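One structure is given below, represented as structure tokens, and several questions about it will come after.
Letters A, B, C and D mark the chains in the order given here, with residues in each chain numbered from 1 onward.
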Amino acid sequence: MTAVLDYPQLKAALSKELPGIKIQADGSFLLVSPEDMHKVCERLTSLPSIQMDYLTNLTAADYPEYIEIIFHLNSITHNTSATVKTRLTDKKNPKMASVVDIWRGAELQEREIYDLFGVFFENHIGLKRIFLWEGFEGYPLRKDFVNGH
Amino acid sequence: MSDFWIHLLVYLVILFGFVIVSVLIFIWLERRLIGRFQLRPGPNRAGPFGLLQPIADAIKVLIKEDIIPSEADKGVFWLAPLVAFVPVMLMFAAIPFADGVMLVDLNIGILYILAVSSVTVIGIFMAGWSSNNKYSLLGAMRTIAQEVSYEIPLVLSILGVVMLTGSLSMNEIVKAQDVPFILLQPLGFFVYLSAAMAEVNRTPFDLLEAESEIIAGFHTEYSGMKFGLFYLMEYAEVLAVSAIATTLFLGGWQGPLLHPVFWFIAKVLLVFMFIIWVRATLPRLRIDQVMAFGWKFLLPLSLANLVITAFEILIAPDINTAVLIGINIAVMFGLVLLFSRFYKLGGGRVSIK
Amino acid sequence: MAIKTENFILNIGPQHPSTHGVFRLRIVLDGEVITDLEPVFGYLHRGIEKLAEGRTYLQDIPFTDRLDYLGSMTNNHAYVMAVEKLAGITVPERAEYIRVILDELQRIASHLAGLGFFLNDLGALQTPLLYMFREREKIVELFDMCSGQRLNYNYYRFGGFVQDLPEEFLPALKILLDTLPGFIDEYEQLISTNEIVLIRTKGVGVLKRDLAINSSAAGPVLRASGINWDIRRNDPYSIYNRFEFDIPIAKNGDTYDRYMIRILEMRQSVRILRQAVKDLPEGEIMGKAPKLLKPPAGEVYSRIEGPKGELGFYLVSDGTDKPYRWRVRPPCLLNLSALKDMVVGWKVADLMAIFGSIDIVMGEVDR
Amino acid sequence: MSVLSNTGGGILKGMRLTFKHLFRPWITVQYPEEKLAMSKRIRGNQVIWVKETCIACLACARACPVKAINMEVSRGEDRKLKVDHMSIDFGLCIFCGLCVESCPTKNAIYMGCGYETTTYRCTNVEKAEGQSFSECRCRELILTGDELGPSETRVLSGYDRPDAAEKLPLQTLLINKKGYFER
């Protein structure tokens, strides 16, 4: 059985590594501020006791106040899992640092989020729309997008 | 009108009819047989056992719209099917259907056939080049490389037969076969068949029209009757190759009791069915592997075959035929096993900067 | 001597015999060698995630059929399991066993189709494809028998199934299980030792162990690279911890290994199926689930080991009868992440072999 | 490992196997002449609506994920619901069977066994001003009222209806095909 990491403990470990980051441990996930996300992800993969080497799922959800980016992480070495989230409050122009340099698996999923939610990932290796054509107006998976049906 | 002209005209008509009819039968046979290999009945709608299917296909191809790509090199595009098709027809002039039943009994029959058959590749390249399509071009480039390299083992494997008979005339070769040369030249037959299958682009060497890679290769842009000519050309080529294999290695029209023409056609069909069987079983090789197989495996084997044949003729001309057959077959297995252990394919990943 | 040459760009797809749907690849060729590659997606994008948000939980089940249409049963299972987790619905024993049976049958069917097309891409003129579709047909007929359709099964429901298995199902399944290993042996006779297949696949398109993990590859592709990771074993769902089976692992990560892993997995699936059929209990097939499902607000990520890899569903509920966010973790799309690293340096013919060995279904890639 | 392994042995093995297949019966079906008995639970390309037993509860229309069912009901003089208009657009229908499952009477709406609904072309296209081609509706695919009822060509399927399933013949299975497993 894949063990879910203990989030308060994870928070403590990360705050020790990276003093001064904004991090919050909820019951079922770790909430990190968008600016610190890249650093946190780096530590999550490199710390030998955590070693989240496998990015299972990277997605987003549109809430009224913010866009939430959700990372479902797995450690194949330790057979553990963790959920890390970050919230982008600037809905007009949401952006965060890309994690493609940490996990190659994020490449297509970040493009998908960019395409469907309009979140801009900085330093992505080739950020452009993945499913819809260039010039499509709006971001379909946002709640304010109205489609024909 | 002199006898010569009557002979020429009658034979031309017969030959043309023979090729067209047997190509239609071949197409039907191939589709039926492949179907049976693949657990389905094959075409069975048009006529009894689907026998009219090739004719229906031919009519369809004839009345189809003839599309020429706007960017194509039109003159070359038009000429290509003809350049590819005519040499194949010419090959049949020197093939004996029975004793002396042939258009011309050339005393350099084999040389003529080999020379004419290698012209086809120019037609294919013209088609690939003039289509102005990248897939066609890839197919055409593969053809050139493949067909030019396989000419060499093909010719060398036939030389063994020529050495045994001492004649280049097809009819003489058939007459010399008291024992079919497949027994005296098993290695030669193996090399010939492999090389010939590569020459006529049958699986596993069907690179120039590799459907899963380059769609249809050189005839991607062809439609209508021009496509029909290419299709006809392919099967006529297979027919020619089977006929040559029959003539050189399987005793040609020779056979007991029945009419020689029957024996000839039966043997041709046998070779063709083997080719279909191979096609139904094997996947395709990659271009560099095809080249490696030709240059590193078939070429040394055919040279070895030549040397061994020469030794047999020079040193032991009076040896018992049965013993000779035994020795030859043993030598073939030994050499094939030995060579396949030692030759390296090479190729593989190319590092990209 | 250097000849001045130029690379040329070749568009493969969206309509091409071996792109398995409408997938487009832009490749840069140097002669026959691929020097660069860019996949272009979106030709089959139907916006299923958006569509699902506008419908009730029950109405979304038919949409999952249309993701990976060669693995509808497992898609159903993954989605239904996520909703059950979200709403706290328990599934009766018999239904769990039937789910395992159908999932494993689906895995065999999907692998057969995948391998068949892979060999077709190698140029084997449909013969292995048709032999494999013969066995797939038998499985599809079983699915047809219990669900009523041959491709879009729509059979799982929250808490169990629409209907119990028909009585003809188990006898037919037993015949299938008796004969299937023999047919897998036949495939191996035809393919596994065929020299042409060997030289076309061994060492071709190697996906290194580290890259496989890093690029989120899943399923047979991940296991062919030597990583022991199977959700059925590492994060057991349903009742998989009751069965004895091995996780086949290869070590080279080449095209041949990806082929071989699938053959071995089919054998293991037969093993699981035999145990499941033997232990199948009688009883209810439907747990207690409200007709109009309104799961409590919350979110869930639940995953199963689908035929193509880890198939996950991330659902967010806001307490209404419609999901707030409905997301699929598409194994097919993520297996393509490392396509470029696998393909560059190989020839056009190898591109098709490698691409075929990943076994993607465009319905899931583009959604 | 035989002498021939890696030197043609595998190819010979494969050729032997394909040769064996030459003598096996074929597995394909010669379709228009030869038809298989379909699954008892077949979800064919028909949805059958039995007017007499329908209680006009609109459950099927609500269950439909693609809104293919258009049902208008009104209260009659005897305070009972009656169906004024019922039509199903088979251009939209995805044949998922959710309407059949949702029906509370269990005998008012059925899936049909028929699957041969192809025609060469649609002759009656309903197209409003400014609609794109994908938005217009083929009138031949919209069945209304009595057209939805059971008939000789519209046989009730046993999908979620065990009583209808009993009347249908057993499904033909490839597994039971003779002459195939005796290898």
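As a working rule, a residue touches a chain if its C-beta (ideal position, glycine included) is under 8 Å from a C-beta of that chain, and two chains touch if they have at least 3 such contacts.
Molecules present, by chain and UniProt name: A = NADH-quinone oxidoreductase subunit C; C = NADH-quinone oxidoreductase subunit D; D = (4Fe-4S)-binding protein.
All values reported here derive from a predicted model rather than from experimental measurement.
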| item | value |
| --- | --- |
| By mean Cα position, the chain sitting nearest the middle | C |
| For chain B paired with chain C, centre-to-centre distance based on mean C-alpha positions, whole Å | 42 |
| Rounded Å distance between chain A and chain C, as computed from the means of their C-alpha atoms | 25 |
| Distance from the mean Cα position of chain B to that of chain A, given in whole angstrom | 61 |
| Multi-partner residues of chain B (each touching 2 or more other chains) | 37-40, 280-282 |
| Contacts with 2+ other chains: residues of chain A | none |
| Where chain C touches two or more other chains at once, by residue number | 127, 131, 134, 190, 194, 196-197 |
| Topology of the chain contact graph, where touching chains are joined (line, ring, star, complete, other) | other |
| Inter-chain touch pairs (all) | A-C, B-C, B-D, C-D |
| Residue ranges of chain B in contact with chain C within the complex | 34, 37-40, 134-135, 138, 142, 203-204, 206-207, 210-215, 279-289, 345, 348-352 |
| Residues of chain C touching chain B in the complex | 8, 10, 16-18, 32-33, 35-36, 119-127, 130-131, 134, 190, 194, 196-197, 199-200, 203-204, 344-352 |
| Residue numbers on chain D ((4Fe-4S)-binding protein) that touch chain B, as the complex places them | 3-4, 6-8, 11, 14-15, 17-19, 21-22, 24, 26-28, 30 |
| Chain C-facing residues of chain A, complex | 1-2, 53-57, 59, 61-62, 70, 72, 76, 79, 81, 83, 103-109, 116, 129-133, 140-141, 145, 147, 149 |
| Chain D ((4Fe-4S)-binding protein) to chain C touching residues, read off their complex | 5-11, 13-14, 16-18, 21, 27, 38-43, 63-65, 94-98, 101, 111, 157, 159-160, 162, 165, 170-171, 173-176, 181, 183 |
